Structure formats: C-alpha cells, structure tokens
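Letters are used for the chains, namely A, B, C, D, E and F, taken in the order the chains are written, and counting of residues starts over at 1 for each.
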Amino acid sequence: YRFGLAEEHDHVGVTTGLAWTEVGGELLTIEAITLEGKGKVTITGKLGDVMQESAQAALTYARSRAREWGISADFFQENDIHIHVPEGATPKDGPSAGIAMCTTLCSALTGIPVRKDVAMTGEITLRGRALIIGGLKEKLLAAHRGGIKHVLIPEENVKDLKEVAQSVLKDLEIHPVSHMDQVLELALTQSPSRPLADGDEETTAAPPTPAEKKLGDESPTLPH
Amino acid sequence: YRFGLAEEHDHVGVTTGLAWTEVGGELLTIEAITLEGKGKVTITGKLGDVMQESAQAALTYARSRAREWGISADFFQENDIHIHVPEGATPKDGPSAGIAMCTTLCSALTGIPVRKDVAMTGEITLRGRALIIGGLKEKLLAAHRGGIKHVLIPEENVKDLKEVAQSVLKDLEIHPVSHMDQVLELALTQSPSRPLADGDEETTAAPPTPAEKKLGDESPTLPH
Amino acid sequence: YRFGLAEEHDHVGVTTGLAWTEVGGELLTIEAITLEGKGKVTITGKLGDVMQESAQAALTYARSRAREWGISADFFQENDIHIHVPEGATPKDGPSAGIAMCTTLCSALTGIPVRKDVAMTGEITLRGRALIIGGLKEKLLAAHRGGIKHVLIPEENVKDLKEVAQSVLKDLEIHPVSHMDQVLELALTQSPSRPLADGDEETTAAPPTPAEKKLGDESPTLPH
Amino acid sequence: YRFGLAEEHDHVGVTTGLAWTEVGGELLTIEAITLEGKGKVTITGKLGDVMQESAQAALTYARSRAREWGISADFFQENDIHIHVPEGATPKDGPSAGIAMCTTLCSALTGIPVRKDVAMTGEITLRGRALIIGGLKEKLLAAHRGGIKHVLIPEENVKDLKEVAQSVLKDLEIHPVSHMDQVLELALTQSPSRPLADGDEETTAAPPTPAEKKLGDESPTLPH
Amino acid sequence: YRFGLAEEHDHVGVTTGLAWTEVGGELLTIEAITLEGKGKVTITGKLGDVMQESAQAALTYARSRAREWGISADFFQENDIHIHVPEGATPKDGPSAGIAMCTTLCSALTGIPVRKDVAMTGEITLRGRALIIGGLKEKLLAAHRGGIKHVLIPEENVKDLKEVAQSVLKDLEIHPVSHMDQVLELALTQSPSRPLADGDEETTAAPPTPAEKKLGDESPTLPH
Amino acid sequence: YRFGLAEEHDHVGVTTGLAWTEVGGELLTIEAITLEGKGKVTITGKLGDVMQESAQAALTYARSRAREWGISADFFQENDIHIHVPEGATPKDGPSAGIAMCTTLCSALTGIPVRKDVAMTGEITLRGRALIIGGLKEKLLAAHRGGIKHVLIPEENVKDLKEVAQSVLKDLEIHPVSHMDQVLELALTQSPSRPLADGDEETTAAPPTPAEKKLGDESPTLPH
C-alpha cells in the first residue's frame, strides 16, 4: 500500500481524488465513515476553507439523494459522519475534490465499494453538477504516475485535454461527466439507487441488490 | 452547461445573481436546498461577511413570508437549509446578491422553478425592499455576455442606466423593482402565494396551484 | 424610496437612527423583525463590536419592559429576533443608535408603527437611560438633508446645539430626552403600555388599544 | 443625570465603580438586570478580557451566596443576566471593578437599592475577598470630582492613601474593606441576608425584610 | 491578608501554588468553587493556553477519583465548577500549577480544607503523576519570602535543590512527591478517601470522617 | 519515573509515541481516560492542529471498532473522553502519533494495559491504516536513548531503516506494521477482540478474556 498509487482493492468509503497541493498535482485518498452518534459532522486532514466548504456541499447533495439510496433522513440525526483526507500534514485546498468527496460519502452511506482503478476531479454543486476545475494537466500526470486506469473529469474540462501529453492520455481512459449521477454510475461497483419505500424508516443501509448493478463486476473496463 | 452563461432550464432552488467578484461583473449561480433536519443553516461558497449577512437577511425575509407561501413556521425547526454559491474557489462579497438569494430560497421552499432567462441584482432588507447597488454597468455587461434576457435591478439604480452602452441595453429587458413582491412575480414561473390555513401545520411544501400563476408558462416575454 | 431620506410611511419595526459612519453623519434605517423560532438573536449590517453590544443592551431593556407591553417572557424563548441595519456594505459602529434600536424592537414586538418623520440618536443603558453621544452637529445636518422633521437627542447633548447652524435648526424640531419612556411616547404612533395580566401568557402581541394613544394620529406636530 | 457624577437616587442594579480607562481615573456606572430566560449571561460595554473575567468571578461569588439572599439555585437556570457598563464606546479593562460588579449583581438579585453616594474599587475573588488595586490616587480624584461621599477601597490599599491630596481626602469618607460582606453592608440600603429555608424553591426574589436593615435609611453618614 | 504571603487560615477550595509569571517566581492563590448548575466549567485569571489545559487535566484527574471521594459522577452534570486564579490582571501560564489546581478541586469537591502553610508546584497528568517543572529556585525563593513552611515539589526536581541557597532551604521543609495521592495526603487536613458505595448516588459531598485523617490537625510539622 | 524513558509498568490508557517536537525526536507519553459524562471529547497538551486532527481520526477509528471490543455505541454518548499529552508546555504537532493515540484509546476503552517496552510511530487513517511518517532516524534515536525495546513503524518506512546507525538498531526490535490490527496485537497485553453480542448494550467494558491473549504475558520478546 503506497500513497500516490492506486488502491489495491475496491473499498467502501474510500475514493481517489485528484487535487492540487503545495507540491502540484496529487492523488488524494478521501475517506468517510459513519458512526452511531448524534448527527455531528467532522472534517479533517489539514483542509483549507474552500475544501471544507466543498465537503459540506458534497454532504448536502448526498443527504438530498439519501432517500433514493435507501437511507432515511433520520439517519443523519442518529449518526456522526467523519470525512478525512490523509496525509494529515499536507495542506490541501480548493473545490476540485468535491465529486470525490461525494462519491466517498455515497459509498460510506450505502456500503457499496468504490472501484479501485478510478480517480476523479471536479467541483460539486448542491444539485450535483460537476463543475470545471483547474490544473487538469498536472492532475492527469499524477493519475498516470499513480497507475490509475480511469479518470473522471468535468465535461467543461474536455477542452483542456489538448494540453495533455499523448504519452499520458494513451494509458488513461478519460470519462467526461457533468453530474454526480454519471460519477456514481462509473465509480461505484453497483448502482446506489434503492428507493426507500414511503414510511420505511430503517436507518441501517442494507446491502444493495445485485440485480441493479450497472457496471461489470470489478471489471477494469468502463464505458468510454 | 457553462458558468457565466444563462441556465438551460428553469430550476428549483437556483437563481442567477449579478455580483462583483475580484474579476469584475459576474453571473453568480445561487443555490439553495432544504433537508429534513434540525433547523441548521449552512452558507458556503467563499462568501465574505457582508454576503453572508445578506444571506441571513434574505432568509429572515423568506421566513417572515413563509406562512403566505404555505410553509408553517415549524418547517424551519425541522429542516436544515444550505445556501451555496459556486464556484467555490472564487471569493465573493457584497450585499448585491440579496434579492437573488431570497428568490432562490423562495423557490427551494415552495418548489416553484425560477425562470432560466432572468438575472437580478439588489440588496435586500428585512422588509423585502430592493436597495441600490454598485457596479450596475459591469453587471449588465456580464448579463449580456452570458445570454441573459431579463434583468431585475433596484429602482434606485435606474439613474445609472444612462452609463450603459446601447448595444448592451438593446438585447436586455431591464425590470426596475423596489420590493421582493415584484421580484418573485417576475422571476418565478408561478406565484408563491398560497396562504397556510390557520391551524394548518403541514411541513412539506405542496405543489403550488397552477391557477395562481401570474406569468406566461416559461414564456420568454416578461412585462416591461 | 431612497436611503438618506425620511421614510414615506409609518412602518412597524423600522426606525430612523442618526449615526456616524465612515462618511460622516448619516441616516441609518434600523430594522427588526420577530419570527416564530427558538429564541435566537441575529444582528447584521456590518456592525462593529460597540454597535452590536448596543443592540444587545437595547434588546435587554426591551425584554425588561415587555410585560408592560403585553408580551410574555416566554415570547423571547419561542421566537427569533433579527436586527438589521442596511446598507449592508457600509461599516457602522458606535453606541449612538441605541435608542433607535430599542424603538425598533418595541415597534416590532408590539406592532405599533414608528412615526416616519422622526429620527433619533442616543446611547441606551440597561435601565433605559438616553446617554450623551458625539457628532451631534453632523448628525443634525444629515437629518436636515434627509427631510426629517423631529429629532430626538439626549438631554446631555442640548449644550451642543449652539454649534449647529440656525439654518439647520429652524427646519428641525429638537426633542431632548433622557429616558426611553420619553422616546417611545414621541416616536411611536401609540403608547406601547398594555400591562400583561398576571397569569396571562399569550405570546402574540395583540393590537394596542387605540384609546391609549398619546400623540396625534400621524400628525406632524410633536410637543416641543 | 450626567456621567462622571454621582447618581441622584438610590437604584436597584446600579453601582458606581472606580476604574481606569484610557483617560485616567473614572467613575463607571455598572448595571445589571435579570430577565426570565434560560440561564444565559451577557457582559457588554467594550470590556477587555480581564474585566470580563472579573464579571464572571463576581457572578460566581454572588451565586455562591444566593441561597443566603433568598434566591434558589434554579433561579440562575431560569433567568438570563446582563451586566453592562456604559459608556459603550469607551474601552475599559482591569479587575478593579470586581466588587462593584458583585454589588450590582447582589442588588439586581435581591431588589435592594445601592446607596447613591457610594463608589468603590477592588478586585474580587471567588471567596469574596477584596484585593488590592492600582491607581487609587487617580480613582479618588475622579470620585471627588464626581461628588461622591463614601468610597470603599481594599484594606491592602490603605497604605496608598498617603499619596492622595488632603483636599481630596477631606471631602471623602474612605472605608477600607477586605470582604464582600463589608461591601454589601456599606453599599446597600438594606442587608441582603434572608436565608432560603430548606426546600424553599421560590425563584422570584421577595422584598427584603426592612427589620434587617443595618444602615441608616439613605443617610449620608456611614461608619468610618 | 496580603498576596504573596501564606494564607492565615486553612480554607476549603484554596491552594497556594508556585508559578512563574512575568515578574519571576510567585505565590499564586488557586481558587475553586462548585455551584448547583448544569455542568459548565469556567476557568479565569488571565491564564495562558497551557495553564488552562493544565486546569482541564487537573479536573479530569479529580473526576476520575471522585467516586473514591464520595462524589457521584452525576455531580459533574448537575453542578458548575469555577477555577479562578487572582490577581486577575497578571498574565500567568505554564503547567506548573497543575497539582495545586487538582488539590484545590479536591478540596472544593470534598469540603476538606487545604493546610494554610503548604505551597506546591508540579505538572499533573491524567493519571495523577507529578511531573518535573522549571524555575524551582525562583519558586522556592517566593515561597520563602511569603512565609510558607512546607513546599511540595516533583521528585524529578530534587536534583535542582542543590542550586537553591541554604538560607532558603533551612526555613522550608521540602516534600518530594510523584503522585497526587502523596500531594493530597500532605496538603489536605484530612484524607479525602471515602468510597461511594455502589448504587450510592448522593451528589452532595458529606463531611469526611475524622477518623481517616492522616496528618496532625493543622500541625505545622509534616513528615519529611 | 522519568520522561524520555520507557514506562516502568504496563499501564491502561498510556502509550509511548515517537514524535517530533521543537527539540527533535522525542518519546511522548499519550494518555487517555474515559469518564461518565455526556459525550464530550477533550484533547490537550499544546497540540498543533494536525496533531489534534490526528487524535480525532484515532478516536473515529476506535469508535468504528468499539463493538468488536465489547463497547456499545451508546458508551460514547454517555461518557467523556480526555486525551492528553504531557509535557504540557512543549509544543507538539504532526500526524505521527496517530497509531499511538489510537492504541491509548483502545486501552482506555477496554481496560487492557499497553506493554511498557513498546513505542510506536505512524499516521492513522479512518480505516486504521498506518501511514508513512518523517524523521524515523531521529525517532529511533530517542527510543534507543529512552530504553525502549520494541518499536512499531509503518511498513512504508522500512526503506528508511538503512539510514539508522547499527548501534541503535542492534538494541531495538523493529516491527513494521501497516494496520492498527497489527499494532494492537503487538502493543496490548491482550487482544481487545470481544464482539458485543447483538442486542447486548452494556456500556462498561468488562475485563477481556485471558484466553484470547496472543502475546506472552508481559514478555519482552515480540515476534519479529
């Protein structure tokens, strides 16, 4: 296990984001976990104000979709959520980890693993839009260096691909996205959609129904 | 979908504001969402103190009108509200997004979409007055550049229109307003007014009655 | 409607204060509103620490008088209060808006309008004393420029009137006051006094009894 | 009524303190009020950290004595307390208003007025000790200038009296004190002691029993 | 009563600490008091961050021992605790008042007085260890100057005694300690140990049993 | 007992961490204690932001494992936790005490002592990974100087061992770890695993079953 490299296994509550830190483009591991508690949200990892606000926006979007994922609204009052971004000593900032944070939260809430060979970058809005980010070139270099196969980027950033070296692009499959719906479909090993029946108030996320899976099972090939 | 451009569809909980940022006049997307919760208010988007206070004033005005819109007072104790202004990395400040924030909140609370071809600027007061703002010329340039049709400006700013180029004004329909009542009538696809009957304590906003609509249905023509 | 000018109508929860800002003497509109809630107090308008403390003192005095005004003590636990001073981008500070803030709160709590042709300046104490303020000359100039008829000033400031130009004084009626009792008698369109009967716990302010009115009905003539 | 001068009447919840401000020795009016509420404590008046901590110590001492004064412990959970020191624009700091703050609180809690012709200075401890303060000479000058008759000073400061001009001392009666018990006996118009009977849980302070009065009724002569 | 001198009587909730302030070694009086309340902890006296954290560690250790002292765990939810260090205007910092703060808390919780002729210095840990401190020489000078008889110092500091003048040491009895158990045995007039019987939930500390006293009654001779 | 030296006994709630402070590599004692309370977490010891976030991550991981350790989720709502790092006057920062903090918490929660001859360094993640840290060479020097036998280091740091002097390495047994599971197995005197039966809601940690012990009883030989 090495930082700056792709994960070796699909994990629940862990997503590889692409961000800028003081030392350039970098793979960031975004962790999230839920704990029986009182609704407290903790965000750690030496994150700047913008990245913390980004985590809040990611959480709000996740909460707004929770019912469709089989999570009742009460879950958020009866559980604590911790979002953490190791390596804790490296200052991190900016909004570009937004969709990765949201993917991590969705995975932690539903129990569906995130595909280990996927990295992503993009600002998130309250409505789940994936917005343009800066530094695409450096971020794709970091993804390439780290052995990532699939990279999700905002559709608005497609225009920046022409600045990226062909040697980098030939090893990566780039997936332009404009909304979290697409992100989750590509990044999770299963679809999270499992509407909570009306009056159904269970707070523990049940395992998703395999039949709903939309992607090949841990297959390295993504549509592109 | 591109920032700095008009929205492609009418949306609930999204309004296009005109504000000043570090780079001049700019279209700002103002988002708001309500979530079943405990009455917490979150305001994000790298907003300065004045813009955050502006959001608080917009929310107070919206709460003071909520009963008329069919929302009980308890709604605000039993739901969280998140106001967010992408792009999260751009510092934003000033009071001129006040009426846009209030429009977004009204839309999010009532479920009535905001017209996609409308942008607006104006400080808001607790009584719903639309107060004079600065930088009208630059803001109208940004609206023009972004493909906006209708712009709502404070009546006190009409005197500043003479400084705006005719090439800009001929493509825009300018609507002077002095109160949120006028703003909502022009910006929402329907009137929000649906008084809550006394003793009527439902907390979920029901769909507004179509018969009350005051504007053409998503029609691009506004009175002027 | 223009800032820096007297209001056109008597309003509930709005008072014209005279204060110093970065640009000299200025008319400040002081707004207050109560909302069904949980006892939260919000103070906005880019106010410095002293002006925020002044608002707290004004609120404490108002709460200490509330029972006499027909408001039960529980009202303050079951309602939120928002005090706002547009124009939100202008820094404001100092204690001289104290009695204006208290008048606004009394109006918002009782539903009695504030006379539109009255402006006032004076620090407030917890016991309702009106204390001496600075910059009387500049404040009276601003009142004159704004078309104000009646100005309430602290009795301790009468000695400063000799520095004010006759051209200003001849258009203004100056009312020296030393206590909030006098301020409310002069500034509200009716007396707020309507003692809450013992055991009477109603939280909604009923309309004041017209018979208690002490001033001519919206008449421009005040005793002096 | 003029600041810097002795009060004209005995008042409840008002004490004249002697403190240092930016302009030297000064009479400070210390106000306190209790309001039916939820146990919130508010301290205002542009006070520095030390003076705010001094107010907290004064309050703790008062709470520790409350039962003897006929106030139940629940009173402090069911009421808010506001301590304010006009003039709100003058920065104030230091611990020397401690015993004056405690006297004000005792007066506000018991309803017993503070003698109008008494001023005092001294740090307070949690056990009610009156500790030595600085600037006695300047403070006595301010008391003299303000028409004060009786001044309470810490016993430890008696040694500093030799630096004070005879012209000042001949008009003042100096009362050295080492504990709040002495302060209250000298400063209040009646003794606050009225032990709460065990199991007696009334939260409203009843009027003190006149028979317990230890000082002449508003008489200007104090023991010395 | 003079600061910088030993107390004249044994007191409950008062301990003499030895600390460094801006002016060198100094006797500090550490006060603590408990009040019926809601579990709030207040720490005052112009204490720096380290000294405030020291007070928190002292309180945690005291709470961890409370049951043995006859105090139920609920006591800390139903009472407020105030720790104060006069003289409020003198900045104080560092961890060396830790064992003195813990002694004060134990005294305040159990009602057992602290011996008036004892001073002490030592950092405290959560497990009640007394850790090495700096400035022993200056602190012993202050103790000597203040008329203290017995000084408790951390065992790790014994090595520093050789730097202290014989003229100072011949008047002081130095008691090396490594744990709060030793500190309390030496500093309190009685042993605090009075185990709370299981299921025994009384919240008011009963007077300690005299038979458990381990030291001579207020005798100036301590074992050494 | 001396700081900078190994503990003399196995203790509950105490772990020896290796960290960097202002003066280089250093042994840090990490203490933790739980107290019947209301779920409050206190972190003290002059810790920088990164080290405080590290403590939060350690606590979250411990909470996520608590059920397996026989601790119900309610325990964390009904108890307070205090994490403290003496020496309180030394500034400490960085994430490298993460696994030591987590070990201390596990020990405090389960009542299982930590082996006195073990020190450790490593960042912790929410999933319990032990991440690479800096300054390994200096930290091992400090461990050697302090008489430590066994040192747990992150597997990613094995590459740095070649920079460490043989004279240091020959006295230390280095145990590379990549996950808290390994850390706890090596550092605690017993295995903490004692799954809480479903519906089993006891909040007091029972003594672990001796049969589950995986290491020799306080034996100095660890597997390597």
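Definition applied: a contact is a pair of C-beta atoms (placed from the backbone, for glycine too) under 8 Å apart; a residue touches a chain by one contact, two chains touch by 3 or more.
Treat the numbers as computed from the prediction; the structure is a model and nothing was measured.
Trainee: In this assembly, which chains make contact with subunit C and also with subunit E?
Mentor: D
Trainee: Give a one-word verdict, same or different, on whether subunit B and subunit C use largely identical residue numbers at their interface, taking over half shared as same.
Mentor: At the contact between subunit B and subunit C, which are copies of one sequence, the residues are largely different (under half shared).
Trainee: I'd like to verify one number: the distance from the centre of subunit A to the centre of subunit C, where each centre is the average of its C-alpha atoms, in whole angstrom.
Mentor: Result: the chain centres lie 53 Å from each other.
Trainee: Please compute the C-alpha centroid of subunit A, do the same for subunit B, then give the distance between them in whole Å.
Mentor: It comes to 30 Å between the two C-alpha centres.
Trainee: For subunit C, give me the residues that contact two or more of the other chains.
Mentor: Within subunit C, no residue contacts more than one other chain.
Trainee: Under the touch definition given earlier, write down the residues of subunit F that touch subunit A in their complex.
Mentor: Touch residues, subunit F against subunit A: 39, 49-50, 53-54, 56-57, 60, 63-64, 73-74, 76-77, 94-95, 98, 123, 125-127, 129, 131-132, 155-156, 178.
Trainee: How about subunit A: which of its residues touch subunit F in the complex?
Mentor: Residues 1-3, 11, 13-14, 29, 31-33, 35-38, 42, 44-46, 82, 84, 86-89.
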